[in-house]
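Both complexes below contain subunit A, partnered by subunit B and then by subunit C.
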Partner chain A sequence: MTPTVAVRLPASLRVSTFAQRATCFVVLAEKTARTRLTYRLSTVLALLASGLAYSVILLVWLRVYHENPKPGPLPLAKLLAYLVTAFVTSEVLTLSVDWRVLQRVRMGLIATDVIRPLGFVTFQMAQAVGDLLVNALFALPIFAVGLHFVGGGLLPPDLASAALGLVSGALAFFVSFGLTFLIVQAIFILHSGYGVVTAKMALHQVFSGLSAPLVLFPESLRNVAVWLPFRHVIETPVTVWLGHADRASVPRLLAAQAAWGAALIAGGALIFNAVLKKHQVQGG
Partner chain B sequence: MDIAIETKGLSKTYFRRKRGKGFWGGLRSYLSPTSDAVPAVTELDLVIRRGESVGLIGENGAGKSTTVKMLTGILVPTSGTLATLGFNPWKERRKLALNMGVVFGQKPQLLWDIPARESFKLLKAMYAISEDVYRFTFGEAVERLELGEFLDTPVRLLSLGQRMRCDLAAALLHAPAVAFLDEPTIGLDVLVKERVREHLIEMRKRFGTTVVLTTHDLKDISATCERLVVLDKGRLLYDGSLDGFERRFAEERTLFADLEADPPSQARHALEADLVRDGATPTWETERRLRVECPRRGTAPRVTSAVLKHLAVRDLEVESVGIDAIVARLYRNPGANGARP
Partner chain C sequence: MNALRFYLTLYVVALKARAEYRVDFAVGVVTALSSQAAALAFFWMVFSHAPAIGSWSPSEVLFLFGMTAMTLGLSEATLNGIWMLPFYLIAGELDRLFVYPVRSLPFVLISRPELHSLGNFASGAISVGVAWHLAPPPVAAYFLLPLWIVAGALIYTSAVVIVASLSFIVLGPFAWHMLAVHNLLSSSRYPTSIYPRWLQVLTLFVLPFGAAIFVPGSFLRGDFSLWVAFVAPLGAAGAAVTLAFYVWETLSNRYQSTGN
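And now, the complex of A and B:
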């Protein structure tokens, strides 16, 4: 039977407090993580494929270093520590926001997302945090295998590097989210977005320093890469964590990450407001 | 605030890219795109008071869903003004969302991969629903919509009817001030539709929710709405009460008389003459069954008296035209009975 409690109704229209929005943010992140855990086989396959790709990158570098034993700008031990940490970071910070929105725009389901009381940016960010939680879980085996082969080189040299590395990692989340949120805007404009999502993945693969540290790039490419946000998702947090970055430059790197994160998210939000005015929700 | 929704001169025009035919046509459109302006809603003036329940009907493409999307803040109008609960829907989307419930029959709002119960918990947090309101609305939905047996099944595994029931429960969980229900009974069987209607009536009774219901099933409207708005090609065709709609567009009645015995030819002729004089049209369906079309209001009683005077009647039945038939007729001929305002 329906409970016969005296129901107090809001006398006036509802308004939400910051605390209520924060609670909602946490619950949405948790539900997104729960959703991501639904398809076990698919997740395991993705993890195996990532592991295979990372192994191939490592084997290629081992061969390069084996055939050119003259030490370059980065000794082999440092390179291996960098690459494995970069793989773990990439695994954690690769967010599914753009793919999720792409699917929902194509099906017209985005209509229900834009009228959530949480606001679209916060709604997407909460889902990104949900992604992050699951990603972190699945990055653990990669970290464990890396630790087995590379050893203590994966760990920060001192407490300061560890703390700064964690701060940089947190800022890297905002940069990664900002990039995917910008892609979301392109999806709104184009009504599709496979092209831009794929382009972003390709640029990220090259310029983030995932496959090779930027220090090994030809100078002209390196000069391009340092002005792009992608490096702040992988290279910056990894080099700060491992203590590879010059300590004096760390505050500047963290500031650059914060600036990129804020600019990308704010820019995305501005574009969203403009784009939504012209958006035509598909379907009846 | 007495007015829940107000629109003045509300219009929305879509721009649709023209696509050439065949491969070369497609290539030409790709290289030199052009688009057509398609008006979806034109100069719509509408005032809906708090607590009213309004049925919004019209053919496919009449502008119902576009109107609802503008009222909820999903679409920005091309011109005109509108306010929902006093908010500008697309500028104050978040504030409005807290006080509004929405069902899009073809766009589920529940999280697809996890059980509906989890989505309800999320909505409780999202709308900051107090414990006592949640206990009531959730309990009411579980009982009336019979959600109990599939609450813990992932939404993607639910049947259409089960999913729609969950969606309706989700839209009304926070006892919203206004609810937009866009085809909430689409694809449902008769029993489920009945449950959905009962739930809607109960929630309105409890919370005084303003309801805007778009549907192709007119029984939804006659069961839950007191006011009808008919759109045709984006323009207002009718706005008024359901009774008024029937009075205005369905004056005619049909009388059926079953007779005790074959009528004498003299009585038949006399009756037919009386009926024709009153503007009615008699048709003998069988020797003992007479059908009389009464074209105007007020003729049915005179026709009935004439039939009873001339014939020995075993049974008598007077039928009015159903709302479905009126709407079908209006769709075929929007100018009928001076429908255009």
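And now, the complex of A and C:
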């Protein structure tokens, strides 16, 4: 096992201008998307697996509303629209950064990633954009099926909600990437990541609003969820898109998303610089 | 008898190999607990809006939660190796196994126990304990509980084996088709009777987790007799294991070596 050392690239190999970096970013995202599309069957089966798990949540809520037509502050039509949109959003924003890094750390291939001219954070983010593009492609049919069953409730009530929803969705990508990038740091330390990745998924499942909007949470659980970043991956973009969020509160929600995204990515980058100094590359 | 001793020795060696990664073990247990806690958080949300689901009280549903977790935990602790099948196939690692003088399926199954299963099993045991504290069961339930858990683990593992055997036909470095079965098991946390008919048929007869989880739960509510609570899990486990062996033997004949 060899400790990783910082490598200073010759000037001819550096990617220094914004245009060069942007080009590298786009090319890398495209290549990642193409790689993912090679494994179409895998992606379809993954969708089927998560769809099955999510259908349990949906069916249980349907039963609750069937037995108790007024169980809370949200009517059934609104809840259904929320849950379907939440599932689609979750599928689009499920990034494979942590699994990819986990595999490369275990095989020692990460040694080449940390010296990429683009920088490790940007390199990972470009691949995450590739994930996002493929996920969106596969999520579109699910959205269409949802639209068929749930109807127009899945669409934003006006153009402003649509535009704000898309902005919120974009910011949710940064929050999701930031959270995933933090997990990557744990993988560097542990040389393994199954546990932390699964723990993050569990936290995401509870606090993101994937199972229900925060208004349906028991009060004590909601009080915890509002202080965590997970809700800004699912609940915030979905409620903004559907127009369920009070319009006056939208700027504050978007600002919170931006702040969380920036803080998580910056925090992850700082931790990365520290853990890289101690990381020992596997294999040989 | 020799075969049994062989499999036991193999299991102990595999267990020791897994136990070597202590941090992995600790993180794995915490992870398993957090996954169960996530499921319980949803349980909490649901029951904060409804006093019962399909006439099942919170303690009755909590029993289903516990049984599902213990079923999963026992399967992961003993018969988890099937999850590695797609990766064994891609790497060509089954070549040697198929010439060993042992049955390949049990070998694959017990060669990779997961120690994080302890977290799932413990959380399941606690859930059942709390459920039975809230609604004490008949005495027979204490004797039948081990049978239900073992039957559940066999049924679940058999279902995963049947689906995993598709990897012999459709080669790829992924286990998502198996995860679909795993995710389907999560439906057992709630009464099967609340689901649409197709899902009831699927989880009671096709991949019959329900026979070892929902049927015992129904027995505790007085919906089924003791006889049904005894025979249904046993019968479903026997049928599932037989089918799993048949599918494995049939599809593994189509194994083509890969890798180098």
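In this section, the second predicted complex is superposed on the first by the 268 of 284 C-alpha atoms of A that agree within 3 Å, B and C clash if a C-alpha of one lies under 4 Å from a C-alpha of the other, contacts with A are read in each partner's own complex, and residues count from 1 in each chain.
In this section, a contact is a pair of C-beta atoms (placed from the backbone, for glycine too) under 8 Å apart; a residue touches a chain by one contact, two chains touch by 3 or more.
This is a predicted model, so every value here is computed, not measured.
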**OP:** For A:Pro117, select first, second, both or neither according to whether it touches subunit B, subunit C, the two together, or no partner.
**Re:** first
**OP:** Considering only touches as defined above, state whether A:Lys31 meets subunit B (first), subunit C (second), both or neither.
**Re:** first
**OP:** Figure out whether A:Leu45 sits in contact with subunit B (first) or subunit C (second), or with both, or with neither.
**Re:** second
Original post:
Is A:Leu276 touching the first partner subunit B, the second partner subunit C, both, or neither of them?
Top reply: first
**OP:** Answer with first, second, both or neither: which of subunit B and subunit C does A:Leu221 touch in the superposed model?
**Re:** second
**OP:** Check whether A:Ser16 is in contact with subunit B, with subunit C, with both or with neither, and answer first, second, both or neither.
**Re:** first
Original post:
Can A:Gly72 be said to touch subunit B (first), subunit C (second), both, or neither?
Top reply: second
**OP:** With the two complexes superposed on chain A, say which partner A:Ala160 touches: subunit B (first), subunit C (second), both, or neither.
**Re:** neither
Original post:
Where on subunit A do the contacts with subunit B and the contacts with subunit C coincide?
Top reply: 39
**OP:** Going by the contact rule at the top, pick out the subunit A residues touching subunit B in the complex.
**Re:** 1-3, 5-10, 13-17, 20, 23-24, 26-28, 31, 34-35, 38-39, 107-109, 111-112, 114-119, 276-281, 283-284
Original post:
For subunit A, which residues count as touching subunit C in their complex?
Top reply: 39, 41-42, 45-46, 48-50, 52-53, 56-57, 59-61, 63-64, 67-68, 71-72, 190, 192, 194-196, 198-199, 201-203, 205-206, 211-212, 216-218, 221
Original post:
Taking the complex as given, what residues does subunit C use to touch subunit A?
Top reply: 21, 23-24, 27-28, 30-31, 34-35, 37-38, 41-42, 44-46, 48-50, 52-54, 116, 170, 172-174, 176-177, 179-180, 182-184, 186-187, 189-190, 194-196, 199
**OP:** Name, in rising order, each residue of subunit B that touches subunit A in their complex.
**Re:** 14-15, 60, 65, 69, 72-76, 85, 90, 93-100, 102, 104, 106-109, 111-114, 118-119, 121-122, 125-128, 130, 132-133, 135-136, 139-140, 143-144, 154, 174-175, 177, 183, 206-207
